[in-house]
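To start, I am sharing the structure in question, which I have written as structure tokens.
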Amino acid sequence: MDDDSRLTRWDRRTDLALGIASLVFLGSYAVHVLAPGMPKAAHAFFLSLMYTAWAMFGVDYAVRWRLSGEGPGFVRRHWLDTVVLVLPLLRPVRVVRTYESIQRRHGEPRLPLHARVAAYSALSISLLGFSGALAVYQVERSAPNASIRTFGDSLWWTCSTLSTVGYGDYVPVTTLGRFIAAGLMACGLALLGTVTGSFSSWMLQRFSLGEDERRPPEN
Amino acid sequence: MDDDSRLTRWDRRTDLALGIASLVFLGSYAVHVLAPGMPKAAHAFFLSLMYTAWAMFGVDYAVRWRLSGEGPGFVRRHWLDTVVLVLPLLRPVRVVRTYESIQRRHGEPRLPLHARVAAYSALSISLLGFSGALAVYQVERSAPNASIRTFGDSLWWTCSTLSTVGYGDYVPVTTLGRFIAAGLMACGLALLGTVTGSFSSWMLQRFSLGEDERRPPEN
Amino acid sequence: MDDDSRLTRWDRRTDLALGIASLVFLGSYAVHVLAPGMPKAAHAFFLSLMYTAWAMFGVDYAVRWRLSGEGPGFVRRHWLDTVVLVLPLLRPVRVVRTYESIQRRHGEPRLPLHARVAAYSALSISLLGFSGALAVYQVERSAPNASIRTFGDSLWWTCSTLSTVGYGDYVPVTTLGRFIAAGLMACGLALLGTVTGSFSSWMLQRFSLGEDERRPPEN
Amino acid sequence: MDDDSRLTRWDRRTDLALGIASLVFLGSYAVHVLAPGMPKAAHAFFLSLMYTAWAMFGVDYAVRWRLSGEGPGFVRRHWLDTVVLVLPLLRPVRVVRTYESIQRRHGEPRLPLHARVAAYSALSISLLGFSGALAVYQVERSAPNASIRTFGDSLWWTCSTLSTVGYGDYVPVTTLGRFIAAGLMACGLALLGTVTGSFSSWMLQRFSLGEDERRPPEN
């Protein structure tokens, strides 16, 4: 119990810092990928930012492991945290959650449950898609017969993939690019189902409220 | 409360007028896009129709802001209304709602909840798809290496996009066209999930009614 | 009430005949499309079969209208029946229902609700897909630059469309073919959502039954 | 009742053996397809492994038929088992279930219901996809104008198919390959809906738990 409350306190204290670190990580990775021609010093600065943020995730993971009082089972039981530690580009997805939990602590008015889940998933998809587009672009741009050659193409390809439309006008051709794409499809589909399902529940709720439809329901 | 009831009264009084204005806006925009070779006077007439309708939306927004008694928070809290004001092509989606609320006031027999939501979403998708096809056609037709060259192509592309089939035989190639396409995917997917979910709930309801399946359930 | 019970009796008596007529219609249409080189007499025979079945649908519609005691509102209120009368290729979808209702009357053991809905929708999709593939094949095969040239291509295209995969290797190019395709997408998506949703509910049910998973739940 | 409990006992005793046989079947089939150039003796060994596993499935089917005390109706009533017997590549899908039921018997901590269903379906999709990729690769690689020429292409095609993205850059061209693809789409879509639905229910559950989100809910 004591460990648990210490864990909760740790989470509460580091939430904001880690959220900012996640955005910093994504931002400096974006700069690293999208501005390859910048001066060496600037490049080194952004790279160091990136690795600092990553180190912070590692420290957080270690402290939480320690505080949990669990043995090696922690790695397996918190496998999602482990995956996110290894692939920090997935980290920004947690930012939305952080924002939500901070907002709640401040007692701000909350949206109804379904709307909140829909908004959370929609934002997660956007961040995930942006990260995925960056990663695929970095991998594909130098491939000999790639079809994804600009970041715009990569973003467009991400939209068409995450919505499961899949035009096929731009397609990753490298093995690594395809692995990233497959991961993007998997995460995207799960989150998409959540957006869709919550949105549809929310609309049903609003419709079932007879007269005063303009005001969102309490729950 | 007083403000609120005045808001309700305003909504009730302007519902029909705004619904008609939405259809007029969509209609004159369609004429503007699809009949570029018509005489100058006619063109000016349809353009003025379009802008008049848009102005009406602006007035409605302003009055509702005023009546709500809220400060600048109104813009954020009613962000959907704000978006629809800026992108009036999304407006016709509300027409179905207007029709529904007018019908209810007249006490006409209502469909069961799920069927109503399914019908509402299906009609919204149709209007949204038509608007999207118009906008994409307008943007793409003059692009140098566009694949969408006729309005028929654009409609077909819209069908294949909104259903998430995505053949890829016709694809937007301009940046603006792709932005519209991404918006269409996002709205389409959310609404599609609603259609699908409600339809499926409705079928489950009908099946679970043992003997008298021909008659729709009350709720 | 009297009209109603007469309507019920009519339905009960004609269910089987109409179900068979639907299959006969689909079968003779298939022969008409797939065997264009057969002797004239055989062709005339299948055509007459087709039109006889269609006439039966018309008579059924008329009698039900009569028995319902409703005025012209019948056409609007039973719009689904009206659509099916005009597009009899949609008729076979009702066969599954007929089979189900006959089976129930004989008191045979019924599947759990969700499994039944899933099976019903899956069979409907299959029949719908087969009809759609036939219609698209008939329309496309003679188009100058068609990509769908054999019935096999058409079936493959239907699979890829109804599952919303949409490879785009075969695509309808005529206006009529695209209209049929759009209709297929709309019906297919709604039914697909029903299959998917019911199947998933069924699996949840089976999982939530703790120990005796081998036996299906009662409901 | 006696037959039933004997059936239960049979299931309990053979669960593990059959699960291992399923994986052995999949493994030796994979070797058979992916390493065509290996020495004859090794090839014969893997083929015999494959057929031994298949024979075990047949014996299990026969014993369960016998113990059920049912007549030929068994084939129809347990049609899923029958299908799996004929197409043993579908068998590995049951492995996950076996694992789950063994784990439960040992009283290990269980995930909440929705998470369990989501995990089960996700693993099933992976196994199904791997089997499908193998089968399509075997069929397509020797076709004259095939686009799927390596196992990597086949895996990539499977990802894009099961997620319903469907880029269309790789597509089966043989009739048998298309049949397998259609089966893959059908199974994949049903399972995908289950993954998506359960995942979304799980997220809703976690969100609706107010404060202590880190801990999974009991159910």
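The letters A, B, C and D name the chains in turn, as written, and every chain counts its residues from 1.
Simple rule for what comes next: a residue touches a chain if its C-beta (ideal position, glycine included) is under 8 Å from a C-beta of that chain, and two chains touch if they have at least 3 such contacts.
Because the structure is a prediction, the values reported are computed rather than measured.
Peer 1: Can you name the chain that lies farthest from chain C, using the mean of each chain's Cα atoms as its centre?
Peer 2: A
Peer 1: Give me the superposition rotation angle from chain A to chain B, based on Cα atoms, as a multiple of 5 degrees.
Peer 2: 90
Peer 1: Among A-D, B-D or A-C, where does the C-D interface recur, judging by over half of the contact pairs matching in residue number?
Peer 2: A-D
Peer 1: Quick check on chain B against chain C: do more than half of the interface residue numbers occur in both copies, making it same, or fewer, making it different?
Peer 2: Mostly different residues: under half of the interface numbers shared.
Peer 1: Provide the C-alpha centroid distance between chain B and chain C, rounded to the nearest whole angstrom.
Peer 2: So the centre of chain B lies 30 Å away from the centre of chain C.
Peer 1: So what's the Cα centroid distance for chain A and chain C, whole Å?
Peer 2: 43
Peer 1: Which residues of chain C are in contact with two or more other chains?
Peer 2: Touching at least two other chains: 160, 164-168, 192, 196-197.
Peer 1: Graph of touching chains, which shape: line, ring, star, complete, other?
Peer 2: Per interface graph, the chains form a complete graph.
Peer 1: Which chain D residues qualify as touching chain C in the complex?
Peer 2: So the residues of chain D touching chain C come out as 7-8, 11, 101, 113-114, 116-117, 120-121, 160-161, 164-168, 171, 175, 178, 181-182, 185-186, 189-190, 192-194, 196-198.
Peer 1: In the complex, go through chain A and note every residue touching chain B.
Peer 2: 152, 156, 159-160, 163-169, 192, 195-197, 199-201, 203-204, 207-208, 213-214
Peer 1: Where on chain C does chain A make contact in their complex?
Peer 2: Within the complex, chain C touches chain A at residues 164-168.
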